[in-house]
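Before anything else, here is the set of structures, which you'll find just below.
Next come two complexes built around chain A: one with chain B, the other with chain C.
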Partner chain A sequence: MRLPPRAGERIDRSRNISFRYGTEEVVAFAGDTIGSALYAGGRRVFSRSFKYHRPRGLLCCTGHCPNCLMTVDGVPNVRVCVEPVRAGAVVKAQNVLGSLERDLMSVTDRIGGPFTPVGFYYRTMIRPRRAWPLYERLLRNAAGLGRVGGRSRRFDTEHRRARVLVVGGGRAGREAALAAAAEGPGVVLVDEGSHLAGAELPGVEVLARARAIGIYEGGLVPVDAGELLLRFRAQRVVIATGALEQPLVFPGNDLVGVLLPSAVRRLVQDWSLAPGRRAVVIAAESRGLDVVPILEDAGVEIARTIDLRERPLGTLAAEGHKGRLTRLALDGETIDCDLAVVSGGRQPAYSLLAQAGARVEYDPTRGIFVPRELPPGIEAVGAVTGEVGAAVEPAALYAGSGRTGKSFVCLCEDVTDKDLARAVREGFDSLELAKRYTTVTMGPCQGKLCQVASNRLYAQRTGTGSAAIGTTTARPPWAPVELGLLAGRHHEPTRRSAIHFRHEEAGAEMLWAGQWQRPHSYGDAAGEVRAVHESLGVIDVSTLGKLLVEGPDAARFLERLYPNRFADLRVGRIRYGVLTSDGGRILDDGTVARLGEGLFYVTTTSSGSDSVCEWFEWWNAIWGYDVEIVNVTGALAALNLAGPRAREALGRLTEGDVSNEAIGYLDARELRVAGVPCLALRIGFVGELGYELHFASPAGEHLWDRLVAEGARPFGLEPQRVLRLEKQHVIVGQDTDSESSLLSAGMGWLPKLDKEEFVGKWAVELGQDRVRERLVGFTVRSGELPKEGAQVLVGGQPAGRVTSARYSERVGTVVGLAWVRPDRAQDGSELAIRSDGATIAAEVALAPFYDPEGERLRS
Partner chain B sequence: MSTLDFLSPQAAASDVRLVSPLARALEGAQSVRDVSSFGKVEVRGVLDGVELEPGEELVRITPSRGVLLTAGSAGAACARLRAAGLRAYDMTGALAALELDGERLLRRLTDLEPESLPAAGAVARGVPGIVQRVGGETFRILVPQELGHYVAAVALDAGEGLAR
Partner chain C sequence: MTFLLPCPHCGPRDVYEFATTGEVLTRPKELPTLRELTDYVYFRRNVAGVQREWWYHRQGCGSWFLAERDTRTNEVLKVELPSPRASDR
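This part shows the complex of A and B:
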């Protein structure tokens, strides 16, 4: 099947490479692509079309059109016309039921026409309604391009810099790269073809078989280099993507044997293959006509050559047998041929330029879009600038005579001229809307071979000019890219406390809390709750946000920031604080300990550390106090040692005085515990005697081990949730939302309105009598557990929602927190909670369920 | 007034076993090294007034905020800087530090330019870090300790990708 050896051919006839296609073994030459090797073996049908399953053959041989998509080594949608052969590759046809020659799905082409117009699935397949799930399954099975293989491949990402990045390795691109290299180093040339591999361009780094996917903000150009994504940032980007030969729209224009001139050049010149026996050549510009001597040289008989600049055609239609071209009818004349080389002109491949912000303008004399007004840092050279020579605008659609076949505007998505006409009739008269409706330009070629044709047809159908219609917005990806490459390696950013691995070793069930991995429990949440109530527990609270506020103005700063008072807080004492927004809404909560006249230690919620730090810095940027705000969250680990035995255990590990007189409730003291300097905060989130120890994180495991050795039982977040709920301690973000105020959350005692100023003060004053709902505790005597988020009903009407609910062994029933209408916020008010279809009777309880006087905390 | 001793790992008794956040991730690793025990001090104030001692390096984040890295005692450096009128905080435990070789490996972890280091920016997909060139093709990356294990795992994986 090969032509005799010829000068310039890219194959090495002395080296055989074999691969598998289906069940057959294909022997190729080095230098072949999978596509050229299959073609040499006599294969002409390479794929079945997306919707009608029509046979399709090679069209462009440049990797742009969808006609040669096959599955290679499990990777679907490989353009085999540009995929170099490799030994042992396994190549399979895709999107067929049966084989490429006999695809059962091609029935859609014969009978489907009238029933499957554009958008048919959401228009004709809606009745009967209950059948939709079936339709959907059928459609999903029928649609799509190939199947994603089970083979997992590794994709990496690398950040690159370049002084000059040249995209496109044609003559203009190579010259631009060499000129840039003459000015200095840092020049990179990327080209999608393989022929530049190993090419020597002095001073230029050549990346062959690499595609620029797009141009993003900040000049970011991601380059697909196979299994490596190169994220280029260049001072100058030179676009040399050339021009794309355009098909003509006529009946039967998708038949096997209708080729673009580029395919002829590659088949004959690169691989020494004759593309047919008898050819008709039709072109709207001179380069398309250049294939005539090439064809003659390959022994192809030229039946007719038509230069559209001299002879505009009236009618044009292709006819075929079993999907293969057999004759061409033009202007009433019929010509037998098995090859039609057509070119509707060369369209500059401007997409990357448009993505970068260039304007695109229609040139009506040549019928092409040309880029103008390039943004700074972006240059264009060669054919992409519009230097493609003289051409004539071809007809939007060549009508056939009599009964003729489908005329395809978009081969990727099987969109015909009739589909576009229908879209216009139905009112989709803007190109952008019509694109979304018909999916023209949205297939694998991304408009490379259909943008101009669809535009022209739209202009004709709507009676507007192409210039007025313009183009659709150019967006990445410009070249098809595997999602795996964009995703890169899978690593989940995970925050781990300094004691993380001790939890894992202890068999903790871990859960995500924001980016943190935290222990849910160590297997027995109820037992862990019991340990805290009856003996001793320890929980890792290193995730708490921790800030130091230091400076002569520190007290003034906090006084002005918080609704409650801090100026009078004595050194060594702790106060609970709630931060509110300008609008008086609850932002975050935590404790504030005064460590010195001008030194405070502030804790925040685990999720709030960064935002609270920013909030502090933001206000201080306005107020300009002499304070430093230092986020020490990661510097410190923190453990809450809680339970009746906490004092005794702590006393054994420190030489300091831990008596109730020395460290009373809400005292802060510095203590050396097991040799580790700690800040000990006597607070009680979980409702028992407790000490929160804050200390340098590298000592985390050491102190954890010592506390556990003293009999402290590790407890996780789940038991902590039960313990705090028994005390009705609120978790900001769980029990409150962006609407919650201090008054509605039952913290009306907290803001000090006699202060001259604090953030959100006006809102507290204004909101006194505007509370629309209140956060209250409730119990469920029946023991049924409502879901968090369940609705509270009063008289059958929605009147609130549950934010937290757990079974408490200690209280002997289900306890929870819920937002309710103010008239229901009384002790003993009855609530109906709707959860999972059941109605649960609950009763409001305003005081903590456990140790309401807080005696255990202070003991 | 507190001495803020509780911030300093070195202030712990000598029998306290200090554990690096990278210890498990880098166990047995060759290509990426753990240098987390390196002293780090957050400095606030007029940085021009900072006098460096041998073995110290100052990375400026803003004109009035920087990180002092020291091969010596972070606690001693804090005391010295405070005596000089600056505010200083021992952040040794806050930051994990890893060292790696090769510009390509660095380029697989960060968008920061190897030519303009030290610099602060995103490492391993969005982790805020400080990157320094230690010399030649050796780089040091400082990240929040709680994300250190993650960053080390990403660095090792990137190294494997390069070695293929």
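This part shows the complex of A and C:
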């Protein structure tokens, strides 16, 4: 099947590579593509069309048209004409029922034509409505492309910079790259083909099989390099994407054997394959006619050559047998042939330029669109500029004579001239609308082979010139991209505390808390709660946000930011602090410890560390106080040692004085614990005597081990939730939302209105924190557990919602927090909670359920 | 949005490295009326044109700065570090 060896062929006849096509083994030469190897083996039908399942063969051999889409190694929609052969590859036909030669679905082509015009399913498959899912399944099975395989693959993204990025490795692109390289380093050339692989261009980084898929704002050029997305930022972008040979629209123009000149050049010159026996060549410009000597050289008989510039055709139609071209009828004459090489001229591949902001103008003398007025930083060289030589505008549609077949404007989506005409008749008189209705230019070729033809036909049908019609907006991607490539790899970092592996070793069930991995419990949440109440527990609270605020103005800064008072906070003391917005809404909470006159240690919620730091920095960018704000969240680990035995255990590990007099409730002290310098904060989120130890992360496991050895039982987030609920301690973000004010959350005592200013003061003064709802505690005596988010009803009407609820062994019932109407925010008020279809009776309780006086905290 | 934003410290960077709180507002100097406070907290001019905005280089130097950006084209005309006065806002 191959021609005798010829100079310049890209195949290496001494090296065989074999792969599978269906059940056959195909032996190719090195340098073949899967498409050329199948062609060499005698295959002519490469796909079945999108809608009518018509047989389709090679057309462009440049990787642009939809005619050779196959599934290769589970990856659908691979253009096999440009896919290099690889040993052992498994290639399958797609969108067929049966085989490419006998596709049972092709019945739609024979009988469906009149019944399946463009958009038919929206008109005919609308009743009964409930049957749509069935219709949809039928349509999806009948029409379309390949199926996404089950093979999981990995995609990556790389950020790249270049001084000059050249897109397109043709002659003009290579010359531009070399010229840029002569001026300095940082030149990258990307080309979608594989022929530049390994090419040496001095001073130029050449990336083959890498396709620029768009130009975005700021000159961002994403490049599809298979399983790697390169996000290029270049000072200069040079577009050298060349020009694309355009098909002609005539009856039977999709028959197997109708080729573009590019296919002839590649088949003969690269792979030494004869594209037919007897050919007719029709071209609107000289480059299309250049294939005549190439065909003669390959032993193809030239039946007729028609230069449209000299001889405009009146009629043109192709006829075939079983989808293969057998003769061409032109101007009343019939020519037997198995090959028709047609070229409607070369259209500059301007899409990237248009995306970058260039204007596109129609040149009626040559029948092509030409880019004009390039934006700064974008250059164009070569054929894409419109320098493609003299040509003639071909007819929008060549009529056949007598009974003829379909004329395709868009091969990707099987859109015919009749579909476009129908769209115009139905009133789609704007090109953009007609595009969306008919889906012309929306298929895999993205308009490369149908934009000009559809514009021309559209202009003719609406009676306007192509220039007036213009083009549809060029948008990325300008070639199909795998979704996986755009999604890339998941780069969300996982945050683990310094003690993470101890939790895993102890059999903790880990859960996500924002970016953090935290222990839910160590298998026995109720037992862990009991240990904290009765003896001793330890929880890893390293995830708390931790900020150092230092400087002569530190106290003034915090005083102005927080509703609380800090000016009078003595060194070594701690105060609970809540941040509010100017609208009086709660942003975050935590503790503020004064470590020195001008040094404060601020903790935030686990999810709030970054946002609180940004908030601090922002206000200080406005106020300009002499303070430094340092986020030490990752640098420090923190453990909360809690339970009646906490003092005794801590005392055994330190030489410091841990008596209630030396370190009382809400005191902050420096303490060396098991040899580790710690900041000990005596606070009690979980309601028992407790010490929060903050220290350098690397000592995390050491201190954890020592505390556990002293009898502290590790407890997780779930027992902590129960413990804090017993105390009605609020979790900002869980029990509050963006509408919660201090007053409504039961913290009306907190804002100090005698301060001259704080962020959120005006809202309080103007009553903007007025209470529409209040956050209250509740119990459920029946023991039924309402879901978080469950609705609170009063008289059958919505009157609030549950934010937290847990069963408390200690209280002996279900306890929770809920937002309720103010008239229900009284001790003993009865609530009805609607959860999972059941109505649960609950009772409001304003005081903490456990140790309401806080004696245990202070003990 | 993929435009480049010139950080006063770090130079032009991809916009995804930054956070923004939007247009620069005029915060009342003293206790406002309810209407003034509501305007300040909730209303934005949302101009189609050049706007002064706060930006924060979150994945960079961690600085807040002011930028003049044309919201129609994302062209950044000017960036500057704030020059705060402790007495003022």
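Please note the rule applied: the second predicted complex is superposed on the first by the 709 of 859 C-alpha atoms of A that agree within 3 Å, B and C clash if a C-alpha of one lies under 4 Å from a C-alpha of the other, contacts with A are read in each partner's own complex, and residues count from 1 in each chain.
Please note the rule applied: contacts are C-beta pairs under 8 Å (C-beta built on N, C-alpha and C of every residue); 3 or more make two chains touch, one makes a residue touch a chain.
The structure presented is a predicted model; accordingly, all values stated were derived computationally and were not measured.
When the shared chain is aligned, chain B comes close enough to touch A:L595, but chain C does not.
By the touch criterion stated above, A:R721 is placed in contact with neither chain B nor chain C. Of the two partner chains, chain B is the only one touched by A:C678; chain C is not. Partner contacting the larger number of chain A residues, of chain B and chain C: B.
Once chain A of one complex is fitted onto chain A of the other, the partner contacts of A:E617 are limited to chain C, with no touch recorded for chain B. Once the two complexes are overlaid on the shared chain, A:R366 sits clear of chain B and of chain C alike. Judged by the touch definition given at the top, the superposed model places A:R565 against neither chain B nor chain C.
Contact with neither chain B nor chain C is seen for A:R211 once the two complexes are overlaid on the shared chain.
Shared contact residues on chain A (touching chain B in one structure, chain C in the other): 159, 233. Partner chain A is touched in their complex by these residues of chain C: 1-4, 14-15, 19, 21, 27-28, 31-34, 37, 40-42, 54, 56, 58, 62-65, 74, 82-86, 89. On the chain B side of its complex with chain A, the touching residues are 1-9, 11-13, 15-21, 24, 36-37, 42, 44, 87, 89-95, 104, 107-108, 110-111, 113, 115, 124-127, 144-147, 149-150, 153-154, 157-158, 161-162, 164. On the chain A side of its complex with chain C, the touching residues are 159, 216-220, 233, 553, 581-583, 610, 614, 617-618, 620-625, 762-763, 765-766, 768. By the touch criterion given at the top, residues 154, 156-161, 231, 233, 489, 491-498, 500-501, 516, 542, 548, 550-551, 595-597, 599, 628, 630, 632-636, 670, 672, 674-679, 694-702 of chain A touch chain B in their complex.
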